[in-house]
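Report on the following structure.
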Amino acid sequence: MIIVLKPEATPAQAEELLQAITALGLRPLHMPGTERVVLGALGDERVLERLHLDSNPIVESVKPILAPYKLVAREMHPHDTVVELGGVGIGGERVVVIAGPCAVETLEQMRRSSRAVVEAGARILRGGAFKPRTSPYSFQGLGLEGLKILKCVSGELGVPTVTEVVEVADVELVDTYADGLQSVDRNMQNFRLLQALGQSRKQVILKRGMAAKIEDLLLAAEYILAEGNPNVILCERGIQTFETATRNTLDLSAVPAIKARSHLPVIVDPSHGTGVREFVAPMAKAAVACGADGLLIEAHCDPTVALSDGKQSLFPEQFAALMRELTPFAAAAGRAL
Amino acid sequence: MIIVLKPEATPAQAEELLQAITALGLRPLHMPGTERVVLGALGDERVLERLHLDSNPIVESVKPILAPYKLVAREMHPHDTVVELGGVGIGGERVVVIAGPCAVETLEQMRRSSRAVVEAGARILRGGAFKPRTSPYSFQGLGLEGLKILKCVSGELGVPTVTEVVEVADVELVDTYADGLQSVDRNMQNFRLLQALGQSRKQVILKRGMAAKIEDLLLAAEYILAEGNPNVILCERGIQTFETATRNTLDLSAVPAIKARSHLPVIVDPSHGTGVREFVAPMAKAAVACGADGLLIEAHCDPTVALSDGKQSLFPEQFAALMRELTPFAAAAGRAL
Amino acid sequence: MIIVLKPEATPAQAEELLQAITALGLRPLHMPGTERVVLGALGDERVLERLHLDSNPIVESVKPILAPYKLVAREMHPHDTVVELGGVGIGGERVVVIAGPCAVETLEQMRRSSRAVVEAGARILRGGAFKPRTSPYSFQGLGLEGLKILKCVSGELGVPTVTEVVEVADVELVDTYADGLQSVDRNMQNFRLLQALGQSRKQVILKRGMAAKIEDLLLAAEYILAEGNPNVILCERGIQTFETATRNTLDLSAVPAIKARSHLPVIVDPSHGTGVREFVAPMAKAAVACGADGLLIEAHCDPTVALSDGKQSLFPEQFAALMRELTPFAAAAGRAL
Amino acid sequence: MIIVLKPEATPAQAEELLQAITALGLRPLHMPGTERVVLGALGDERVLERLHLDSNPIVESVKPILAPYKLVAREMHPHDTVVELGGVGIGGERVVVIAGPCAVETLEQMRRSSRAVVEAGARILRGGAFKPRTSPYSFQGLGLEGLKILKCVSGELGVPTVTEVVEVADVELVDTYADGLQSVDRNMQNFRLLQALGQSRKQVILKRGMAAKIEDLLLAAEYILAEGNPNVILCERGIQTFETATRNTLDLSAVPAIKARSHLPVIVDPSHGTGVREFVAPMAKAAVACGADGLLIEAHCDPTVALSDGKQSLFPEQFAALMRELTPFAAAAGRAL
C-alpha cells in the first residue's frame, strides 16, 4: 500500500503511522519528498484495513499495490480452472453453449425450446423459474412449478440445467432441481446470497451487475470462494451506459481483462448484453473470438409469444444457424463447440 | 401505446394487431403513412403486455404514452405524501435530517455519535447492523447485537431510528428493533425484499441503485405500494458514472425529476453520494435548495477509527456546523429544519 | 412524428397543431384518448422542426418514427458502401488492417514501424502528425515535419496512409500529404471540421466520440455526406464508462448496430478502445468476428520508447502474430485479410 | 510518482530505472517488497514523461502523487481568482447570473429577451451566433449577423456579453464583438482552440465536456493558462450518463470538487445540465447553495418559437421569479446576486 500524506502532515504523525504499520506485521517504508511525504506498507494489505487510513485526516490518498481479491486471483493460481457442471467442463477445450428460454412457461414450451437447442448443439439448458422483473405488473415466473418442468425436461433429454436463484431461502430448493445456480445481475452484490451460494458447493454462474466494475465482480466471486465453494463461472452480460441502441453495452474487453486477473472461467450472455435479437449472433461470435469459455443464449420455440425477453430470444432456426456459424470461430480460437 | 410497424408489414398483419388491441379492451388507432404504418392503443397500457409486441417481428418499436408505474405516480395522486416515521413527518413542512454512523460498532460509539447528532438537531438516528461490503474481508456489521444497541440508544435519547435490512429473512427481526427500514442501493431491485417490505407496512427508505434510472426507482417503489404499504421515502444517493473525483455522482436533478412524477417524499444522502467528507456539507445545502424533504448523513464520534466509510463521515463539530449553516437554506426553501 | 399532448391541452389547441402540420405538407393524424390526446405527423420529419414542438408548453413529448439521418441511412441505400482509400477498398470482401505508430516521431522510427506492419500484412499505414493530448505538457506531434515523413515512408513502401486532422485550417495541408483523413474522437462533434471534410471529397475515418451515442455518430457522418462527400468510414474506438480496468469500454455491439442502420463501412480501433497492449489482439479478433470491415491498430518498432500511447502499442512481433491469428477469424467471417 | 514493477522484474532492471530517475533530476526511492518492487520518484513529475514508464514491459502501474495540472491548481495559488468580465467580477462576493437566449435569432428577439433578463437582474448577456447542432438539418446560428445584433443590444443596455466560439479561425472575429468567449462542451478538448483562446487574453468560459472528468477539465484549462491567459471561468453543464429523465446529469459535486483543486471560478449551466425548463430553477438554487460563483441560464422572450433549445429556456416571467427566489439562497451562502 502506498500512503500519500497531506502537505500539512508533521514528521511525528508520519512516524506514528510507520510504527502502526510495523505493529501490523507489515514492512514500512518512508519516502520524504519536497512537497509530500509518501509512506509504504508491504505485505498482505488486508490487515491494513484496521488502520482506517481512508478516514485519517492527514492522509491524502491510499493506493493499493496488490489486488484486494486473493482466492480468485490468477497470481496464486496460474492455471485456468475448469468447472464441471453436470458432466460438462466449462473453462476447458470446448466452448460450452448454454441455451433455452428466458422463462419456463409451460411443459410444452420448455420441451420444444429445449429439444431445438439441444439438437442444434447446446450442451446445457437454461430456463428461469424465478424471474426478477423491473415492473411488478410483469410475469414473475412459475416458481416451484417451473423448477419441476425444468427437471422433467432435463431428464427427458439427458442434459444438465442452470436456473436463476434470487433469494437465500430458495438456494436449497433450487439446488434440488437444477445442476447449476445462476445469480442474477441485480443480485451480484446481494452478499448474503453469495455466502449461501458459497456454502452450497454448487456450480454458480455469477453474472456481472450493470454498475459493477470488473474488480467488484471479482470481489463478489471472492465471497463465494471464501466460503469454500470453488465452482464459480463468471458471466459478462452488459453494463449500464448512455448508449440506447442496445439494452446494455456488452463489455467484451471484460473477457481478456478477467482472464488476466483470475483463473476462473468466463462466459458471455449476448442476449441480455444487447437486448436485440439481430445482434445476438454477431456478439456470440465476437465473444468466442476474444476467448470466452462459453455462451449463455436465450432461444424460444416461439419468441413472438414469449412471456419475457422475447425481443432478444432467438427463433429455433436462428439458433441452429448460429451454432453452425460459430464452429469455425471456435476452431480459429483453437477450441471446439 | 404507439406501435410503429416495419416497412414490410402487410395490411392484413396490421388489421390483425388492431383486432387484438380491441379484444384487450383498448381503443385502437390506425395511422397509415407513406413509409410506415403506425398503430395506437389507448387505455391502461399494462394489459398490452399480453400481446408481446416487443417480440413481434413485424413491430419496429413500441413507445408508451403513459408511465408504467401507477400507484406512485403523481397523476392520480396530485398532493405530496407525508410519511410518518416514529412521530416525525417526512415530506411536510420540515426538512428532516437523519444522521448517525455508517455502522453500529459499540454501545459507547453509538451513544456518543447519536448524542452529538441529536443535540445538533438530527431528528432521526441511523446506524447499520447489517453492512453489505464490496469485499468479504471488510467489517460486515454486528448483526443482532447492533440492532439491540440501536434500540437501546434510541430509547435513551427518545429519538426514532432507521437501519438497513438486506435480506427477506431479516425483515421481521429488524422491524422489531427499528422504526424505519432502509433498503440498500445494491438491493433496490431485490424484488423479493421489496415485496416483503410491502407486506410489512413499515416505513421504508428506498435507496436508488447505482445503475437505476429514475423510472426504475419508481417501479421498485411500485412493488412496495402494490403490496399495500404506502409508507415509502425515496432516496437519491449517487449513480455510477465515469467520474472518479467522487465515489459516485450525486444526481440532484433526480429530486425535481421525481417530484414531477411522484407524490412520494424524496431525501438525499450526500455522504454516499460523494464519498468525500469535505463535499457533504455543500451537497447537503444543495439538496435542500432543490427541494429535498430530508437528508441522510453519516456522522461518527470519531471518524478516524470508524470501521466503515470513515472517509465520508462527519466529525461531531462538522455536523453541528452543517446544521447551523443549513438553517437559512431551509428557510430560503420555505421550510424549517 | 408522434406528438403526445399534456392532459390540459384543449381541443382547440390540438386542432391548431393539426393545421400547422398540414401546412407543412405532412399528413396529420388525430388520436383522442381517455387521458391524453396524441397527434401524428407523417412524411419527412425534418420540416417539423419549424414547429418547435419540443418547446411547446402543451406538448408532453415528441417521438420520431423515422431516423433523423437520411443520407447515411441504410433505408434508402440498402447495399453496403465500399470506400476506396488509396486503392484499397474498405467495406468489401477484405478486412483491411490499418496500422502504424500513434505518432510520427522520426523518419527512422516511422520507417521501421511501417516496414514491420506492412511486411506482416497491414494494407494502410497510420501515424499522427498532429496529436491532441489531454495535458499541455505531453508531446503534441511533429506537425508538418511529421506529414512529410509520413509521405516519404508511404512512397518508399508503396502503401497509402491515413493521419489525423484536428483543425479546419489544416484540412488542405493534410490532404496534400495523406490518402485518408482521420478525425479524432474529441472532434466528432466539431461540426465546422465535419463540414470542411465534407467539402474535401477525401476519404474520412470518422471516430466515434467517447460520449457519443450511435445516433450522434451517424448524425456527424450526415454532416459530411450532406456536403457532398460520400467517402466516410465509421470507427468504433471505445466509449466513456465507469469501468477502469480498460482505458475506455470498446462497444463492439456498435458494429452490428451501425450496420443495421447505415450502409457505411465500420472499422474498429482496439488500441484506443482498450488502452492495454495485451487486450488488443483478443479484441481485434472479436471485432472481425462481429463484422467489422477493418481494424485500426497501433504498432511501434519499439513501444518502450514511444512518445505517446506506448502502453497500448504492439511490438512488431506481436503485430505479426496477430495478423497470423486473425486469418482464420476473417475466414470464419467469410472474408480475407 | 510511484512505480510498481511486475513480479518478474530483475534487480538490475530496477537499478537501471532508478538511475534514469536520478538522471532526470528527480529523487529516486527503492522499496523492495516480498511480492513486488516499488520505486518512487519525487519532484516535478512532468519530466518523468520522458521515461515512457507506461509503455515499459517491466512496469505494472504508475501512480502520480501530485496533480498533473500546475497553473490551475490551488496548491500553488491558495486564494480564489476573480475574473473580471466587462466590469463584472466572477468568483468574488456576488453570484453572477449570465442569461439570454440559446441563439441570437433576430434583433427584436434579442432585444426583448435581453431587456427582460437585465431588468430581472442578470448582469451579463448570453446569445449564440455560432450554434453547433447534433443534426446538420438544425438551425446553425446567424454567424456574423448574430454577433452584430449581440453587440448592438449590449450597447443599448450597457451590459457585457458572452458568446460561443467554435473555431480557431473565429477567435479574433468573436473577440471584436463580445466581452467573453464561451467554449462549447463539444470543444473542451479542441486543443488548438484552447491554445488560441490562451493567446487571446480574453475572458473564457470553459464548459466541461460531456465525457470529461474533472481532471480533464482542469487540464483543458491548463492549456489556456499555459499560453498566458489567466482569465478562465470553469462551467459545469452536465455529463453523459445512463439516466434519460434529464438531457444530461448535472454533476453539482463538481463545484466543491473543483474548488478543492483549483483557484479558478466555477459557474453552473442548469439549462443544458437538465434540458428541462421545470428543473432549471431548482438546480440553479442548488448550484448557488453548493458554492457556484455564477449561473448560465437560457431565457427567451418566447420559448415556444425558439429556434434552438426552447424546451429548456425560461419564459421571461419564470426568469424574473427565479431571480427573486435566488436572493435568499445567495444570502444563505454569504453572497449577493
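Observations on the model:
Letters A, B, C and D name the chains as they come in the text, with residue numbers starting at 1 for each one.
By definition in this document, a contact is a pair of C-beta atoms (placed from the backbone, for glycine too) under 8 Å apart; a residue touches a chain by one contact, two chains touch by 3 or more.
All figures in this text were calculated on a predicted structure; none of them were measured in a lab.
Equivalent interface to A-B within the set C-D, B-C or A-C: C-D (over half of contact pairs identical by residue number). Between B-D and A-D, more C-beta contact pairs are found at B-D. Centre to centre, using the average C-alpha position, subunit A and subunit D are separated by 39 Å. Centres computed as Cα averages put subunit C at a distance of 26 Å from subunit D. Centre-to-centre separation of subunit B and subunit D, using mean CA positions: 31 Å. Residue positions 211, 239-242, 244 of subunit C are each in touch with at least two other chains.
Those residues of subunit C that touch subunit D in the shared complex are 46, 49, 52, 54-57, 68-69, 132-140, 166-169, 186-187, 189-192, 209-211, 216, 219, 222-223, 226, 239-240, 303-307, 310-311, 313. Across the complex, subunit A meets subunit D through its residues 2, 4, 7, 27, 29, 31, 33-36, 38, 40, 42-43, 63, 65-66, 75, 240-242, 244. For subunit A in complex with subunit C, the touching residues are 211, 213-215, 239, 241-246, 249-257, 260-261, 273-274, 276, 278-279, 282-283, 285-291, 325, 328-329, 331-333.
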